[in-house]
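In what follows, chain A forms one complex with chain B and a second complex with chain C.
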Partner chain A sequence: MIFDPNVILKHLPEIISGTGVTLALWLAGMALGILIGFLVATLRRYGGRLIDLPLGLAVEVLRGTPFLIQIFLVYYGGPFIGISLDPIPCGLLGLSIYAAAYYSEIFRAGYASVPHGHVEAGECLGLTQFQIIRRILLPEMALIVLPPSVNLAVILLKESAVLSIITVPELTTTVSAIGSQEYAFLEAIFLLAIIYWVIVECAARLGRLAETRLSTFRFAAS
Partner chain B sequence: MTLPAISVRSLVKRFGTSTVLQEIDLDVPEGKVSCLIGPSGSGKSTLLRCLAFLEEASEGMITVNGEALGFFENSKGERERLPAAQIRAVRSQIGMVFQQFNLWPHMTALGNVSEALKTVHKVPKAEAEERAMVQLTKVGLANRAGHYPSQLSGGQQQRVAIARALALSPKIMLFDEPTSALDPELTGEVLNVMRELAAEGMTMVVVSHEIGFAATVGHQISFLDQGRLLFTGPPSEIFAKPRHPRLEQFLDTYLDRGASMLA
Partner chain C sequence: MSFKLFSLLVQASVWTIGISAISIALGFLIAIGLSAALLSRKPLYRKPAEFFISFFRGVPLLVQLLLIYNLLPFIGLNVPSIVAAIVGMSLCTAAYQAENLRGGFESVPKGLTEAADMVGFSPRQVFLRIKVPIALRLTFPALVNEAIMILKSSSLVSVVGIVEITRMAQDLASSTYMPIEIFSSAALIYLVICWAVALAGRYGERSLPGVAK
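Let's turn to the complex of A and B:
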């Protein structure tokens, strides 16, 4: 068996399309995950025990079970409760919810990292809870939540390969198919690793850049 | 004598099963400096936090310039919570200064002082910053307006925090151990700002371990011990001999800490 790069060149359009699907699902899943995760963390913080307990349980279940099984359940179990989704929307839904569970924990830690006195200062000056979240809590937790968020983004990208199991036409699905079709498994797997690694490296660098920017104001030792 | 700025009646505060404040009655006279002194755990900070509505009293009433703070007694004589907007309106008459300054680290000194003017009172940015500069100048920090809290000394941070509270033109200022997190050298600059405020006739309630400040600037001293307000009076009376044995014991611990003139 010899390594034949021509296989890759021949299927370049499909590979690019697969990469596009992976990138789109990853970014959209991350955006939705951040949004839902932030909402969940905020509801758990302000909503009282009746909201905190069920949401906490949901987060624990999602974090405690493999993504592979979750996505199987949604795709093959969904039709039993009347939810039949095409692979791409199903993949996006699964990825978003999985991401939301982890992001909600990151934001929970972010909320907890802001000294309570900073919130009290806002209350004394007449800021509403919403203004306190927007003007004080979010900017103050930004530096705390950024590194774990980038880390989670990297994990999500790699987990998105699992979506090949429900035939989402993403990178892993596409490249594996090429491998089987051309009988060039080594080239395919090697290429897959390289593409994922390049995206991860870009994301990590962007994250570090953002961190440096944010650190221009350092936190006072109080 | 006019209406007291703050009036506290039969205030009780419980945390779970422990009662930290028992049946507190206190009048804070307008335009005067009232000091709360007492050993650690006596409840003086909790009392001050109740006045700022950062803690909700378990029983009793607090009125600020005649208006109920947080709770009122309805026609049936039951204690009822006021609507949030009304609570905010009464609280807006009160400025609070914390032991730990509690400046927002992601905003400059100017940003900290102008923030509430902009977000709460919808003052346009330029005007809000102009008004913030007036307060920063007052506490002697006009040249530090663009600095972040982490670039300021503790004393400077606390002065910014005082300016931040003053920016909203409160009628009453509460100070919760404002110098306890500062070394002696920085304590002076904060106390000076507070002395100036007192001279201008600001109504102030100060929880402090600075017995010297209480004795020289305070008009009214209240001594708390184990959740009870033991007595309230002008410094000349409180510190005059013979003193209450519990106060005598408390002051003894200060003899080597700059309050020797009271011995």
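Let's turn to the complex of A and C:
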């Protein structure tokens, strides 16, 4: 196995664009997932049983089935109910929904971790429900929520490789295509593994940095 | 959707369950060695184990499977794709299980090992009779979680051509033009398997002895 570095140089623009698509899908999927996940956790907390039960069931189903099956359902099943999506929007939709299910559980645990007395204190002071969420619950749960969120972010990046199966032009698709073109499939997959590894290591380090930064605000813990 | 299609999916689930079970078991054996290396004071053992774990936790399983599927023939091992799939999944879950086991061994209460020391247990006895059972007990919930993760990840071995639930669903969906019914049924089967494992795990945990904090 002799890898010609010129092959990488020749295909550098494609590799960069594939990496770009992966990063963009990852970040957008994560942002949407956090947003929807937070919304779901909040609705489940304040919405009563009628909202909590169906949302809880949806979260359970999303967490109990493989991402690949969910993607197939949206991509191949969508057109039958009038939702024809191109691979990229379909991938983004699938990734966001998948992320939202897991993030909602993280936020649910975050809500549960805030001592009830703090919420009651806020109520006594006459804060509105919204103010309690914004001024008490969110800041206090931030520290609890961060480590599992970073973990999930790494998992999502790795899951995004699955999108290559529905031909989203992301990193895995691009690099394995280059491998087949150049008759150097094994080398290409090695390169692919290294690129993912580097991104994951960077993300994990960034997460740890954020944790140490945030831990200076540990005023409200316990 | 006819009963016949559904029963084909159920039959394919034997592969999903089989591959997952073998991978979890093999992964556990590899993880024992890895976690021992991780807990070693010698960098000669520790560093390679850390490297291995960092790699297998940092690279998507899909990429690992493609890598192993193409690497094995390259180094002269012409094995059926099922072997490549099991090797890939076992190595991946080994990395995760090793981290769990290390955590378990590190959280064995110090007082217990000291007590055993005081009563005159040899270091070997302390390890086998105190540390191992307690660490295994502590990592049991994580093991159940990992089993569920692997069951879901096993859908990826469809890309190396193994006809488990996902691949069967794909084939059926393209031949019957009923993707919604078929993929929903596949999802349902995964859900039932995962719930069964979670339920068994909860039952197992209740029947296992507790551990003093």
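By definition in this document, the second predicted complex is superposed on the first by the 217 of 222 C-alpha atoms of A that agree within 3 Å, B and C clash if a C-alpha of one lies under 4 Å from a C-alpha of the other, contacts with A are read in each partner's own complex, and residues count from 1 in each chain.
What we mean here is this: a residue touches a chain if its C-beta (ideal position, glycine included) is under 8 Å from a C-beta of that chain, and two chains touch if they have at least 3 such contacts.
For clarity, every value in this text was computed on a predicted model and none was experimentally measured.
Visitor: Identify the partner contact of A:Phe190: answer first if only chain B is touched, second if only chain C is, both if each is, neither if none is.
Guide: A:Phe190 contacts chain C only, not chain B.
Visitor: A:Lys158 contacts which: chain B (first), chain C (second), both, neither?
Guide: Second partner only, chain C.
Visitor: Figure out whether A:Gln70 sits in contact with chain B (first) or chain C (second), or with both, or with neither.
Guide: After superposing on A, A:Gln70 lies in contact with chain C but is clear of chain B.
Visitor: Check the residue A:Ala109 against both partner chains and state whether it touches chain B (first), chain C (second), both, or neither.
Guide: After superposing on A, A:Ala109 lies clear of both chain B and chain C.
Visitor: Give one of first, second, both or neither to describe whether A:Thr172 is in contact with chain B, with chain C, with both, or with none.
Guide: After superposition on chain A, A:Thr172 lies in contact with chain C alone.
Visitor: Looking at A:His118, would you say it contacts chain B, chain C, both, or neither? Reply first, second, both or neither.
Guide: The answer is first: A:His118 touches chain B but not chain C.
Visitor: Pick one for A:Leu43: touches chain B only (first), chain C only (second), both, or neither.
Guide: The answer is neither, since A:Leu43 touches no partner chain.
Visitor: Between chain B (first) and chain C (second), which does A:Phe80 come into contact with in this model arrangement: first, second, both, or neither?
Guide: Touch status of A:Phe80: second partner only.
Visitor: Considering only the touch criterion stated at the top, classify A:Glu201 as touching first (chain B), second (chain C), both, or neither.
Guide: second
Visitor: Going by the touch definition up top, name the partner, chain B or chain C, that contacts more of chain A.
Guide: So, of the two partners, C touches more residues of chain A.
Visitor: So which bits of chain A does chain B touch that chain C touches too?
Guide: Shared contact residues on chain A: none.
Visitor: Per the contact definition, I'd like the list of chain C residues that touch chain A in the complex.
Guide: Of all residues in chain C, those touching chain A are 54-55, 57-64, 66-67, 70-71, 74, 148, 152-156, 158-159, 166, 169-170, 173, 179-180, 183-184, 186-187, 190-191, 194-195.
Visitor: Which positions of chain A touch chain B when the two form their complex?
Guide: The contact residues of chain A facing chain B are 115, 117-118, 120-127, 131, 135-136, 139-140, 142, 217-222.
Visitor: Taking the touch rule as given, give the residues of chain A at its contact with chain C in the complex, in rising order.
Guide: 1, 60-61, 64-70, 72-73, 76-77, 80-81, 154, 157-162, 164-165, 172, 176, 185-186, 189-190, 192-193, 196-197, 200-201
Visitor: If we count contacts the way the header does, which residues on chain B are in touch with chain A in the complex?
Guide: Within the complex, chain B contacts chain A at residues 52, 54, 88, 91-92, 94-96, 98, 100-106, 115-116, 119-121, 148-150, 157, 161, 164-165, 168.
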